[in-house]
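In what comes next, subunit A is part of two complexes: it sits with subunit B in the first one and with subunit C in the second one.
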Partner chain A sequence: MTTLDPGLLVPVPAERRRPIGLLLVAIPVFLVGWLIIWPIISAVITTLWAQTPEGVEFSTATYQFFFSDSYSLSNLSVTLWTTGVCAILLLIICLPIALYLRFSDSKVASYVQGLAIFPMFVPSIILSFAFIRVLGPNGTVDLLANAVGLPKIRSPYLTPWGPVIGLVWDNIPLTVLILLSGLGNVSNQSIEAARDVGARKLQVLWYIILPRISNSILVAISFAVLGIFSSFTLPYVLGPAAPEMMGPFMQRTFRELFDPRNAITQAVVSFGFCIVFGLFYVRSVARNRAP
Partner chain B sequence: MAILVHRRPDWTGIVLAVVLTLVIVFPLLVVGTWAFTNVWRYPSVIPQEFGLKFWYQTLSRADVWSSITTSLTLATTVTLISAAICLPAAYAFARLEFPGRDLLFFSFLAGHAFPKFGLLVAIAGIFLQLNLIGTFWGVVLIQLVGTLLFMIWIPVAAFQSVDRRMEEAARDVGAGPFRVFWSITLPQAGPTIAAAILLSFVGTFYETEGAWLIGAPQVRTLPVLMISFINNQPVIQFGAVLSVLLWVPSFVALLFARRVVNSGSFARGFGG
Partner chain C sequence: MKRRTFMISAAGTLAGMAILPRMSFAAEGVVDIYFTSDQNVIDFWTNVVKPRFEAANSGVTLNLVDGGDGPGVAAIGDRALAALAGGADPQADLFEGFDSRVTVDGIAKGLYVDFEQAGLSNYSKVNPLALDIATNLPYRGSQVLLAYDTTKLDPANAPKTWPDLVAWIKANPGEFIYNRPNKGGSGGNFVRRAIYAANGNDPSKFTVENYTPEADAAMLTPAWDILKDLAPSLFEGGAYTSGNTQSLQLLGQSAVTMIPTWSDQALSAIEQGVLPETTGLVQLSDLGLPGGFTRLAVLSNGTNKDLALKLVDFLLSEEIQSAVLTELGGFPGVSWDYISPELRERFADIIPTTIPNFPSGDWEKAINDGWYRAVAPNVDPAS
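Moving on, here comes the complex of A and B:
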């Protein structure tokens, strides 16, 4: 890279540059090693090797506890449920928006795009507050229902649907952007060609568009799953006290029950459930980007 | 598909626009209304009395001011440290050849392969042994890690998009390496780097999970205070006023960074 045009420039000898390059990246790389890679390795080690009076001993006790404790298991299952429902809802909501944005160039389209991206600029804590004011008890929806003589709604606040609504809202922008970026690879010619031979809209979607954006769909789902599985703020504020999602569960175990060993076990369990999505996501990002 | 029918009114677009306005803008308008409301009792559809009473009351609370100070200090510290260590690294990744360059470049993705809060708990396990729980610098470290990927990957792209021929031309007429960097490289890469710095400041300002897990209750940032307002504060307007205050940095980011976010390269950075 440093010797693009050797005719004009005397390239700095590679040996002289090497240490400088490594030196410049040293601190961020050290931070990644110390605060990302090492904590993960350390989490596995500290939960599997217990300190006993006789020394260090291999033990799966905390994992056995997690997978036999009914409260832990119901937290895990509410987390899996929330993640699954959110992923499906996100696709159902964001795919039509992305399709519309890709194939429309009207003025309304730029307004829709602006709105779809807007939640990215609303911190989730403000979203939580807005959610409670609108859908919570005596919220705006109740006010409006009351004004037209309808009964109060059954508020999703403090039920498992609370975090679902909040998390979907929060994840719309990036899901739309990732899908839209995938739809950029679908050429207008291929769609016009299919329509010329008589394909209907749904057929175009199913046979032409979806196969071409399947990778983007998987990336969007992986990204959403990684974010939602261990989300903290929205489930903590909007969700029920029990069963709770893994994020609030880990936080409570760590800070309120002062039980870091079990909290870290819960973290490792979360890693296990997300590892496929994580690796797929990282591979996709890396493939799109070479230094 | 509207490209094939775009003479007719754009009904799909109008329906989407109305639904999204209701779902995305309306809840925020409700919060905005609450912030400027003195009295709003159920079941009136509009507030009985508008006013700034609760702005005065919120802004005279000591806990609000101390968390504003904490948040701004934290975000500034993290962004400055992040820029100081990441921008030289980004330059090195973009321009210099060194062993392990590709592997180290992609190592910044490691954090994104794991569910975030799980990773934070694992880090908290390390901080527990180092007595960093409940300290300012513990929160700085955990938020610093969150900025690394953006602060390296976006500037790398910026440095790579600088026209190399202009740099070489400047060198040909006798400019030293620092002069070339200052007069040619930086002005071209500057706007993107500034957007990265702004995004990392705003991202840090709103970072709630690390601050809550590592810092609370000793280090109380504005979002952490907001959580306690939501959970324990019966006066709705305090939360509403704080929400409006809390949104200011995001609004600034919205004004300056929208173009970056709307560009295709941003989504590709997320793997799209």
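Moving on, here comes the complex of A and C:
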């Protein structure tokens, strides 16, 4: 593999290059500022400065309420639990698939790839109802288990495991694709070299492959976590009534309790957790860029 | 290759033109109707109301527009109010599933037709239980009732009163489920029925105005106790589905024996085979499960106001009101005396004598919050 040396490109005079480059990034930067950064700042302001009859007043009442209310806290903890369990399961499921796809030359591999990408094209509301049919009470799994004389199992539907199974299935394609692109950086030569000096399969995985894709793993997990933390449809349809995940909780507070200030507070708290993973992602991208 | 490119771009342009929003101007003889209701209701209008009305009135066309939801049509109402002030054409004539109170100042400024003064020949037939204010005309209703599996529960033993229902649920643990009260009216009205039961089965104790935090504590807490007491006997020891449809699905999969459900959803589910023909329906006789009527509003400044009123009168005719029962699975908006005896016989089980209508506003908010805090977490989700 050869990469182009940036020095070989014809250098554009600096004074001409700069304004065009800035102009090109101006639109996305402006959109990000207007549609993402500004709403965040405005959300924080709305929750911290309350409108009172005497004027605007600084108050952390909604945050105090959130962190002293056991109901809100149990919603937050079930969200963190779901996100954590999903992230671990995704890694356990997707890494073997990605490794298989990277190192297999057989025809079956392309079918496996198609199957792994398939969930990307299934809308989550359809997935939810299919889930009830298949894994729900008296669903297909129950019928099959019954046919071979196995005992009836308690369905994960309407328990915290319902959204976990749905979310993992839904996030497999993205995770596999990101891991696969990371595995593209692992050259066959380095693996062959390791084998030549007697490395066993696990040693190859541990000392050669994993160190090279650690960045991709971090990116994949960040993406999955960001999506799962704020997911709505699957926890709403498949999860228990209480505790709720933050997505349905925010929506209910806003639309059914007509309480925008507490809903925004919940959103800011969620954002606080998500930004940690956002920073992981930014850091890993920045590290990749470094020479 | 060029020909292919041409074909592709030509086909694309045509397809694009076909989906372009067609500019519509209010025209003489075209009645513009905006819906807040779901697709099954618009289908009912497309397949039943529109062809029959157009056949009876040559040169008239009904333009059925899906307004999305309540706020969608409310925006059209606000524009019509602005048009009224400016003397302009509102480009709308009739709102379906709409409460004329929603438009601020709309009634006071005379935006909506007063049906008492409109001289409709069928107005006197309207069910007195359904009448609200003079600018809202009820034309179909729906009430929550209990649907059950007759292969597991003999119709003779189906519960007919609230105490019977509670006793049945406790005697048959795991066989009943209702949905979260804010996620669909079937569970929501089951919860409201429990609130009535905790307050002497007296719907008049709850009005839009009488909500106070003290009343909340005094009147809702006993209801939460009733529901908490039921929780261990529910499906999976206290699970709640997240919508009307999911409850129907569990009944259809024979996972439970009984659910509360909207009458129209249950009837059309049986019709479509989503629920088996062995599904039984029963209403409580001590006090029915709550429900409500869907109302119409006619704009007083619409170009086709007279035609819209003619249509409203037609909707209240026996022909359409019977179709509401048989085709839509709803209740008629007119009194049952104006429905043919055969139909009255067929739907005898679900004819309501009372249709309690729980107030919205602060009470609704209190239920949506209180149930989640008091009833739902009572069960350990991991158990």
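As a working rule, the second predicted complex is superposed on the first by the 244 of 291 C-alpha atoms of A that agree within 3 Å, B and C clash if a C-alpha of one lies under 4 Å from a C-alpha of the other, contacts with A are read in each partner's own complex, and residues count from 1 in each chain.
As a working rule, a contact is a pair of C-beta atoms (placed from the backbone, for glycine too) under 8 Å apart; a residue touches a chain by one contact, two chains touch by 3 or more.
Predicted, not measured: the structure shown is a model, and the values here were computed from it.
Visitor: Contacts for A:Asn138 in the overlay, against subunit B (first) and subunit C (second): which applies, first, second, both or neither?
Guide: Touch status of A:Asn138: both partners.
Visitor: Check the residue A:Val56 against both partner chains and state whether it touches subunit B (first), subunit C (second), both, or neither.
Guide: neither
Visitor: Quick one: subunit B or subunit C, who's touching more of subunit A?
Guide: Result: the larger residue contact count on subunit A belongs to B.
Visitor: On the A-aligned overlay, A:Tyr71 touches which partner chain: subunit B = first, subunit C = second, or both, or neither?
Guide: Second partner only, subunit C.
Visitor: Does subunit B (first) or subunit C (second) touch A:Leu22, or do both, or does neither?
Guide: Only subunit B is touched by A:Leu22; subunit C is not.
Visitor: Where does A:Ser104 make contact in the superposed view: on subunit B (first), on subunit C (second), on both, or on neither?
Guide: After superposition on chain A, A:Ser104 lies in contact with subunit B alone.
Visitor: A:Ala242 in the overlay: touching subunit B, subunit C, both, or neither? Say first, second, both or neither.
Guide: Second partner only.
Visitor: With the two structures laid over each other on chain A, which partner does A:Arg252 touch: subunit B (first), subunit C (second), both, or neither?
Guide: A:Arg252 sits against subunit C, while subunit B stays out of touch.
Visitor: Once chain A of both complexes is superposed, is A:Leu158 in touch with subunit B (first), subunit C (second), both, or neither?
Guide: second
Visitor: From the superposed pair, tell me which subunit A residues show up as contacts to subunit B and also as contacts to subunit C.
Guide: The overlap between the subunit B and subunit C interfaces on subunit A comprises residues 129, 132-133, 138, 236-237.
Visitor: Give every residue of subunit A touching subunit C within the complex, in rising order.
Guide: 71, 74, 78, 129, 132-133, 136-139, 154-155, 157-160, 236-244, 252, 256-258
Visitor: Give every residue of subunit C touching subunit A within the complex, in rising order.
Guide: Of all residues in subunit C, those touching subunit A are 180, 182, 235-236, 239-243, 245-246, 249-250, 253-255, 364-365, 368-369, 372-373, 376-377, 381-382.
Visitor: Which bits of subunit A are touching subunit B when the two form their complex?
Guide: Listed in rising order, the residues are 1-2, 4-5, 8-9, 14, 17-22, 24-25, 27-29, 31-33, 35-40, 42-43, 46, 96-97, 99-100, 103-106, 108-109, 111-113, 115-134, 138, 140, 142-144, 146-147, 169, 174, 177-182, 184, 188, 195, 201, 204, 216, 219-220, 222-223, 226-227, 229-233, 236-237, 246-247, 250-251, 254-255, 260, 263-264, 266-268, 270-271, 274-275, 278-279, 281-282, 284-286, 288-291.
Visitor: Would you mind writing out the residues of subunit B in touch with subunit A in their complex?
Guide: 1-4, 6, 10, 12-14, 16-17, 20-21, 23-28, 30-31, 34, 42-45, 85-86, 88-89, 91-102, 104-119, 121-126, 128, 141-142, 144-145, 148, 152-153, 156, 164, 168, 171-172, 206, 208-209, 212-213, 216, 223, 226-227, 230-231, 236, 239-240, 243, 246-247, 250-251, 253-254, 258, 261-262, 264, 266-272
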